[in-house]
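Chain nomenclature is as follows: A, B and C, assigned in order of appearance, with residue numbering initiated at 1 for each chain independently.
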Amino acid sequence: MKEYFELLFTGAKSLLIGLGVTLRAMIKPNVTVHYPREKIAISPQFRGHTDLVKDAATGTHKCISCMMCEKDCPCGCISVAGETREGVKGKVLTSYLLDFTKCSLCGICVEVCPTSALEFSQEYELASRNIEDFHYDLLKRLEARG
Amino acid sequence: MEMLNLLPPEFLRIVISAIIVVAFVFLNCMVLGYAERKLAGFFQMRPGPMEVGPWGLLQLMIDGVKLIAKQLIIPKDSGKMLFRVAPLLAFMPVAMSFIVIPFSEKIQVRDMDIGLVFMLGIMALHVVSTLLAGWVSNNKYALFGAIRAVAQNIAYEIPMLLSLLAVVFISNTLSMQGIVKAQGPIWNILVQPLAFIIYFVAAIAETNRAPFDLPEAESELTAGFHTEYSGMGFSLFVLGEYTNMFFVCSIATVVFLGGWSGPPLPFYAYSGIIWFFLKVYGLLFVMIWVRWTYPRTRFDQLLNFCWMYLIPFSLVNLLITVVGVKLLK
Amino acid sequence: MSQIARTKKEHTFYLNLGPQHPSTHGVLRVLLEMDGEHCLENEPVLGYGHRMQEKIGESRTWAAFLPNTARMDYLSALIFNHGYVGLIERMAGIEVPRRAEFIRVITDELNRIQSHLLWLGAFLLDLGAFTPIMYTFDDREQILDILEDVTGSRLTYSYHRVGGVCRDIDARFVDATRAFIKRLRSRFKIYDDLVTGNIIFIKRVKDIAYFTPDLAKRYGLTGPCLRGAGIPYDIRRAEPYSVYPELDFEIPVGTKGDCLDAYLVRVREMEQSLRIIEQALDMLPEGPFRNKVGRRLKLPQGDASFSVETGHGELAYYMISDGTDVPYRLKIRVPSFSNLSVLPELCRGMLIADLAMTMGTLDLVIPEIDR
């Protein structure tokens, strides 16, 4: 009999305390951000898709077409093509294609590049109806960046 | 215009009241649905609907338009006509109950001598619609929800009736307007606090709201008795639920909180409606608050709670009330 | 069809807690034989999310498999990473700098707290409470922001590397983590008031499914459910790895082994993880964060295994190498698989509401069961 009333009173008290928690939450400020009308700044360390780094000294990319990124990519999403040109030491990059639909953002390509020619971008608002929009041509993107 | 003069004035009054009542039901659903989602947002530290209209005010209206535009998909082996009838049964009787609610001293469609019994009778029809919807859907989850709803609603009607009975003994009348007038300045909540608590808990269980929302327990039974309903069928269930909520809170207001009485306002015979709505929406706020705070009880714990706690206390309350009334007479 | 079909009784019916269901967290199908509301027999059916991760591990070089480890259990991605790189280091005898070990422990424990917070919210969502999940996700977002700043990802991290970690942490990370620890300690009171003391919650969870030591031993149950049964088995103490021997923390155990004990063990584990992070931040040495390892490194012939403690239990990697850089056999023992296997015996005759609640207590992540 005593447990009956004890349970009743402790139960009722716990219920009222719970109500107090939600009521106090009502007056606290919102923790959500009204995307897309408000946006949060993205950390510079964020891993978006890779981009070619623009070398300040030469004004162009630093890639030497060694194909290390293509060989080490676990997903097989990078295709690099380079050619030898006369008067230029080593290979010249002719095309760098990244198939972002297969990329797992592991960062192995960025780490393994001997000239640090790749970096992560901070693009996260990627939504499209064409799959071709995600077959990035990184050379063209570098030229478009100016 | 001359034709209108030929009709008996009573008939005209009834038709206009019916139109106003139905319009009010839909308006109430819009306001209550919006309030529920906004309050849910505030309890969860987020803004709630904000996109449609300023501060999301038109959200429920656009939701209604969207639901009307959707198709009512009828499962293959279900009973075709009964499938369509079940949502109507959920919505119509509760809308009818607005006939006897005393919104203020002069605003009431019709004051019946057995108003309270009429309202409780209408509430019992709600169970039929739930059972019908679950049975006719040809879906095991829906049947689960329906069976739970029947047991839950039938069990919780008893403490509801007993607590209201105690108030009837004090007021000596069953008509709603009479109960309000018999309270005077001392509301029944001060005289019968235990009955109010028991009635309110039973009301939450009757309307299938959390923590007693087993018939539509989302995480165990997908969607309970209205799993198979889409489009307007589903929205009629929602309308029925919100109207039911308004309905039980208005009974609580009339019986325990003094109905439309309050500090005097100009045109008090008509403006009592403001106090009425304030009280009803205050109780609805508490119902919404309770929903977003507690987890769900288990089914046997729910029935246990009713039989072991609510009914003994309401019987004791009734006994004390009867003895008290007899002694004070 | 299944074993249940052979023993079906007259008055029972089958119910599929199907692959699509709000409370099975992932694509898990549980076939129930029901008598009214009681589940007489139940049988989990797996394989809806099988991705052949072990086969992929045997077809790619060891360096290329690292992103896959994060995808198996996306809630404990850093711990899965840690187990894998620990395995390669053990096989090849590679040293890890002390700073990297401490960074690994700090990020692992942050990951563990984040996994428990999500479990707390989802468990209460299964029980029908809609607000605690919002509060826990708010706390979880703080962790995700801290980890995003240092690793670059929010869910599937590939941060640990063989020989260390891939980026160093800075003062910003340390300050943010210390602020987070203070904030989370003040939030525990909210969860106590709203959830742990709530009579409805206690009645739902107390005295329901008893995890006994005998049951645990027969099925290989590990993790907080085992510790709720009273057995203080935690890989961080039983087979210590990284710098855990130098850190001072307790292993919370329960007494009765019911679901309430498992819940309380997880909540106390969060507090212990906060202790570990604080100590590790205080003891963090200066130095290199990565020992460079050749990418073409060939693993020596032989086998090795490495066990870590995820939020759900013991995770063990076992590799047999034939001398090349592609493993011959990679075996991954995940905790949720063994935890799920107690379900048929434990939940015989339970109400369906209790079954859903017990599945929530086991803290299953189906992608790691199916791999």
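The working rule: a residue touches a chain if its C-beta (ideal position, glycine included) is under 8 Å from a C-beta of that chain, and two chains touch if they have at least 3 such contacts.
Remember, predicted model here, so these are calculated numbers, not experimental data.
A.B. asks: So which chain ends up closest to the centre of the protein, judged by Cα positions averaged per chain?
C.D. replies: C
A.B. asks: Name the chain pair with more contacting C-beta pairs, choosing from B-C and A-B.
C.D. replies: More contacting C-beta pairs are found at B-C.
A.B. asks: In whole angstrom, how far does the Cα centroid of chain A sit from the Cα centroid of chain C?
C.D. replies: So the centre of chain A lies 24 Å away from the centre of chain C.
A.B. asks: How many angstrom lie between the centres of chain B and chain C, each centre taken as the mean Cα position?
C.D. replies: That pair's centroid distance is 45 Å.
A.B. asks: Between chain A and chain B, what distance separates the C-alpha centroids? Give it in angstrom.
C.D. replies: Centre-to-centre distance between chain A and chain B: 50 Å.
A.B. asks: Quick check: what residues of chain C touch more than one other chain, meaning two or more?
C.D. replies: As it turns out, chain C has residues touching two or more other chains at 131, 135, 138, 194, 198, 200.
A.B. asks: Give the residues of chain A that touch two or more other chains, as numbers and ranges in rising order.
C.D. replies: Residue numbers touching two or more other chains: 15, 18, 21-22, 25, 31.
A.B. asks: What residues in chain B touch two or more of the other chains?
C.D. replies: Only 43-46, 292-294 qualify.
A.B. asks: Which positions of chain C touch chain A when the two form their complex?
C.D. replies: 60-61, 63-68, 71, 131, 135, 138, 141, 145, 148-153, 156, 158, 161, 166-167, 190, 193-194, 197-200, 295
A.B. asks: Across the complex, what residues on chain A touch chain C?
C.D. replies: 7, 10-12, 14-15, 17-18, 20-22, 25, 31, 43, 45-47, 72-74, 104-108, 111-112, 120
A.B. asks: Touching chain B in the complex: which residues of chain A?
C.D. replies: 4, 8, 15, 18-19, 21-23, 25-26, 28-32, 34
A.B. asks: Tell me, which parts of chain B touch chain A in their complex?
C.D. replies: 39, 42-47, 50, 289-290, 292-294, 308-309
A.B. asks: Over in the complex, which chain C residues touch chain B? Could you list them?
C.D. replies: Contacts found on chain C: 13, 15, 21-23, 37, 124-131, 134-135, 138, 194, 198, 200-201, 203-204, 351-354, 356.
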